[in-house]
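As written, the chain order gives the labels A, B, C, D, E, F, G, H, I and J, with residue 1 at the start of each chain.
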Amino acid sequence: MSQTIQTAPNLDSTATATDDRVKYGEREIENAQLITFPNPRPGRIYTISVVLPEFTCKCPFSGYPDFATMHVSYVPNDRIIELKAIKLYINSYRDQYISHEEVTNKILDDLVAACDPLEMTIKGDFQPRGNVHMVVEVKHVKAS
Amino acid sequence: MSQTIQTAPNLDSTATATDDRVKYGEREIENAQLITFPNPRPGRIYTISVVLPEFTCKCPFSGYPDFATMHVSYVPNDRIIELKAIKLYINSYRDQYISHEEVTNKILDDLVAACDPLEMTIKGDFQPRGNVHMVVEVKHVKAS
Amino acid sequence: MSQTIQTAPNLDSTATATDDRVKYGEREIENAQLITFPNPRPGRIYTISVVLPEFTCKCPFSGYPDFATMHVSYVPNDRIIELKAIKLYINSYRDQYISHEEVTNKILDDLVAACDPLEMTIKGDFQPRGNVHMVVEVKHVKAS
Amino acid sequence: MSQTIQTAPNLDSTATATDDRVKYGEREIENAQLITFPNPRPGRIYTISVVLPEFTCKCPFSGYPDFATMHVSYVPNDRIIELKAIKLYINSYRDQYISHEEVTNKILDDLVAACDPLEMTIKGDFQPRGNVHMVVEVKHVKAS
Amino acid sequence: MSQTIQTAPNLDSTATATDDRVKYGEREIENAQLITFPNPRPGRIYTISVVLPEFTCKCPFSGYPDFATMHVSYVPNDRIIELKAIKLYINSYRDQYISHEEVTNKILDDLVAACDPLEMTIKGDFQPRGNVHMVVEVKHVKAS
Amino acid sequence: MSQTIQTAPNLDSTATATDDRVKYGEREIENAQLITFPNPRPGRIYTISVVLPEFTCKCPFSGYPDFATMHVSYVPNDRIIELKAIKLYINSYRDQYISHEEVTNKILDDLVAACDPLEMTIKGDFQPRGNVHMVVEVKHVKAS
Amino acid sequence: MSQTIQTAPNLDSTATATDDRVKYGEREIENAQLITFPNPRPGRIYTISVVLPEFTCKCPFSGYPDFATMHVSYVPNDRIIELKAIKLYINSYRDQYISHEEVTNKILDDLVAACDPLEMTIKGDFQPRGNVHMVVEVKHVKAS
Amino acid sequence: MSQTIQTAPNLDSTATATDDRVKYGEREIENAQLITFPNPRPGRIYTISVVLPEFTCKCPFSGYPDFATMHVSYVPNDRIIELKAIKLYINSYRDQYISHEEVTNKILDDLVAACDPLEMTIKGDFQPRGNVHMVVEVKHVKAS
Amino acid sequence: MSQTIQTAPNLDSTATATDDRVKYGEREIENAQLITFPNPRPGRIYTISVVLPEFTCKCPFSGYPDFATMHVSYVPNDRIIELKAIKLYINSYRDQYISHEEVTNKILDDLVAACDPLEMTIKGDFQPRGNVHMVVEVKHVKAS
Amino acid sequence: MSQTIQTAPNLDSTATATDDRVKYGEREIENAQLITFPNPRPGRIYTISVVLPEFTCKCPFSGYPDFATMHVSYVPNDRIIELKAIKLYINSYRDQYISHEEVTNKILDDLVAACDPLEMTIKGDFQPRGNVHMVVEVKHVKAS
């Protein structure tokens, strides 16, 4: 079970940065789509909650990084969003300039468009700025 | 960004279980080796701690599953163990029959053999049995 | 009270693995049935909650192990499920390939079929993957 | 997997209490011995910690029940005490009249006699009486 | 204030066990009655909650001890149960063989009979068995 | 088991206050002595810790009540202080006018005089005044 | 800013106890009145919550001290109770003999009489006795 | 990246206090206005919560400083208040003499006037005085 | 006990601010001296810890308010600092412009000068700025 | 105090992204230098601790984002690093490809070069990957 591989990984960050073949993660984030699959029990009372503690974007005014934990909770209708797809979608905000209120609403718009849920709530819990802690919570209810 | 893929993933577990092409995770665990790479700062005072909350094996007497959080902490010498390699190695105990004391000692033996650290401690914090909670902690110090 | 037994238990895991006589736990899990007994107070307002922190199965795509805490809560009608039976039933998923959404729904289907409760909720709280934490909660209400 | 067993367990506590065939647990506690097995790695630095939250005995003055969590921690020498044996041994105090200080010392005496450890500590953390919380911690070090 | 009494308490548990004169606590538990007194403010909106963390009985199948925290909460009508009486009543289960569901219901029956409350809830929060945690909650509402 | 006693306890606090026969608790506190008994294992390494969360006295300047949790911890020599005696002793400060520093030292003086321990520490953790939280910790070590 | 005052405060508690001039705190408690002032925003939806962790009185049966945290919460009508007045009022129970149920109700009666609120709740959370924890919660709603 | 700047900042607090050019923070607080911007999703169900742990003002009776955490939560209508504007507004109370009840109501009045929300709640959670903890919560609902 | 005082406190903050007679708190802070009294047990091992969660000053660069919890801990020599004196001294920084490092050192200098302790530690735990949390801990040991 | 500014901030993220004038934060991070100032009390025992919960970089193998909380703790010698400078320096890793072990060592190298401390420790506490939690702690001690 235990064996030493002599060729060490290349830890020189400059060299690695120009080696495009291994940057599959960045390509996956760039090409991310909100893939869905059919709800295995349509009609059943049902809640899916996903907590994503690694949201980051940039402040549209200063360009400083912002950080948040995003909470997604929904009652599926016919389709469910793939867990990895949500993660890649959230990763795709890293270089965008967007405010707390705007991004929380945009995530709700995009996820509702992807899976047309009966209900969906997005709560953006942002890291403090000036020791002030802000939470934005937005909700969609499918028109009946 | 948002697009629906019509072909849903196959959720029939029987069919999936016989589809060997997608079981890359099991193959990775089976082939796991304790890959190491050179310590980037040999000589510096240095501690690496890894917490693995998903250890499971089987009781050698009853065959019932056992669960633990494994804590690995070491002072590297010349080589460092790859994080993913430790994870796959820990996953490889899933179908083994082994006692709490034996497995904690064996993990220490294997990781010491892989990277020859200056010091290493393994703490196995096992889920209660009969509401009795057991922790086994073993330590290796490199002979000077 | 205190006495030393000289013949030590066999800790060689290979040997033990082929000794079928002591693997009663695996046999119990394999033969598990959702045994029920009569509700001692039918008609009374009544909730039974069971938390099972040791659920594990395998990812249907990769074969990697998944872990969860399963929360079962129900209002019994005429019958109550034996506590040990629920535990063995949960243990029986260890080698199955099944997704988070599918397994949470299947547990609800099976337990409802076993005891026909007035209401039942299953909450599957899955260990993070890619540092993303997912919870699936499904509910059954007996048609009146 | 799901099946209803029609013959319900007998919940009449009086009847059950006289049915000696099923009281195997009481027999196991009565016959408990502090079974040990050989240390799989004699010579290695090594700590085994066991937490037993269900200790109960009776106050030698009033006969009222007392409750405690017992913490056993030791550095094994040649032998290790079986986990289930410790649990049954602790259960055997249920009907004994013994004070906080006496019982903590007696557990240390008995476990030291059973496995002759290099070091052993017993900490008895007793439930409050008169809202006063008492902890007794005793330690044995093997004479070198 | 400070004075040393030379005659030490008898800590020999065998001797003490046969000394019936000092076992007043056991006698109090044996003779316990659910004593009530008049509600000092009948008609006022009113909740009394009592938490008893030291419930123990025996499993009707194995005879092994079971442990629970019992939560009693009620809206009194004309009478209130004495706090010490509830404690002694709970202590009286120590040597009884009774299941989790049965004992939670029986405590509700007995306390309702004692004080005829407007509403009463009993929640039995049992110590894990096989690392499975069970809670039973039963409720009585006075017929209007 | 359940029975209603018609004669309710006297809840008129004025009347009760003049009924000296039932005030045994006040008499016990007034007559409290720091009773000790022999250490059951003299020579063993040994710590007894007692937490008393209900200390109260009066401020020597204003007469306002002060509150604290008192932590007593000691290594016994030949004698151990009875748990109930410590509690009554602590209760005896209720009507005394004494400062935080003085009372912590006085408790240490009195308990050392009572049992002549190898070591003893008293920590007085006082409730905040002006939202300022004060802790006084004093220690005695027996001269060898 | 920093200066040493040579005349130390008198820490002899006996002497201090007879020095009536400095006992202004006791006088303030003795003379306490439930002073109120006008609600600055009558008509607005409004809740004032006060937590008083230093309630103490004496048990009417034994004379032993009792301790509680008192939670006062109300929706004011025309008048608001001064914060210091509530504190002195709560202090005034120190030498009274009164049961848990009686004192919680009496505090509600007195505070309602003082400020005639739209709603008021008093929750008395009493320190455990015999390791049993009791909470009494009483509520007043102004008749409309 | 790393470089030492030889001219150290002036740490003499007296000198700094008279250097008006660098006191931009005080000027910002003095000139603070409750700036708003348009709600990016008018009509959507929507909650914005802001926690400000650094509120301080002065007691109108004694002049002693008071401290609180202010919780602002609202459902926006057409306009949203800028996060930095709320922070500067809260900072502007530092030298004001104002009571707990008055300031909580005034913050609600000012923020409602600034953004005309559908609903707004202000909760002032004040640091204890005399170990008494006070919370004032006021609510505005837009007349429909 | 309960009585309504008709003359309400003046809640108009402007008027109150000019009423110098009631601002005794500000005068006390202005005139604060670090008053000490003799250690009641010189020679005993002894620690006094004081936590002051309400420190505030102003940033010397921006003038923005800073907040911290100050932890004072010392081993007294001949003199002890009065608790209220420490509180007033800490309050006196409210309008000073001083950096985190400077103020923590200055508090240590001043308190050492006041009571000449055997040892003293000041830990300033500052509220985050830019979500960065800073703690400064400085220590004095009396030269022997 | 309250006024509505009619011109709303530009929330169109595309437009904002091309408006270079307002991106001062990105310029500050790009130009960040580890500015130091003289230690105000050279020779005193002294620890400065800084916690930075918003570290992010990219994995050198996959390009996926990594997140960590960085803990910096040091005993200053002649110079202290400005708090804002540390924050900007940490922000500068956002687009770098670097491993956990490498970045923790590099931060130590850079900060030691900037201020030549007596001692410095960097602890990188990385967000879990594959539910495995890694902490790297490295230490520098100035050669004497």
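The rule we apply is simple: a contact is a pair of C-beta atoms (placed from the backbone, for glycine too) under 8 Å apart; a residue touches a chain by one contact, two chains touch by 3 or more.
Since the model is a prediction, treat every value here as computed from it, not as a measurement.
Counting C-beta pairs in contact across F-I and across A-I gives the higher total for F-I. Repeated interface: C-E and one of A-I, B-E or D-F share more than half of their contact pairs by residue number, and that pair is D-F.
Mean C-alpha positions place subunit E and subunit F at a centre distance of 28 Å. Centre-to-centre, using mean CA coordinates, subunit F is 24 Å away from subunit G. Separation between the centroids of subunit D and subunit H, computed from CA atoms only, is 57 Å. Chain centres here are Cα averages; for subunit A and subunit H they lie 31 Å apart.
Residue positions 9, 11, 40, 53-54, 67, 101-102, 127, 129-131 of subunit A are each in touch with at least two other chains.
On the side of subunit E, the complex with subunit B involves touching residues 67, 127-131. By the touch criterion stated above, subunit E contacts subunit G in their complex at residues 39-41, 44-54, 80, 83-84, 86-87.
If you check the complex, the residues on subunit J that touch subunit B are 100-102, 105, 108, 129-141.
Within the complex, the subunit I residues that touch subunit H are 9-11, 13, 16-17, 22-27, 29, 53-54, 56, 58-65, 67, 91, 94, 96-99, 101-102, 127.
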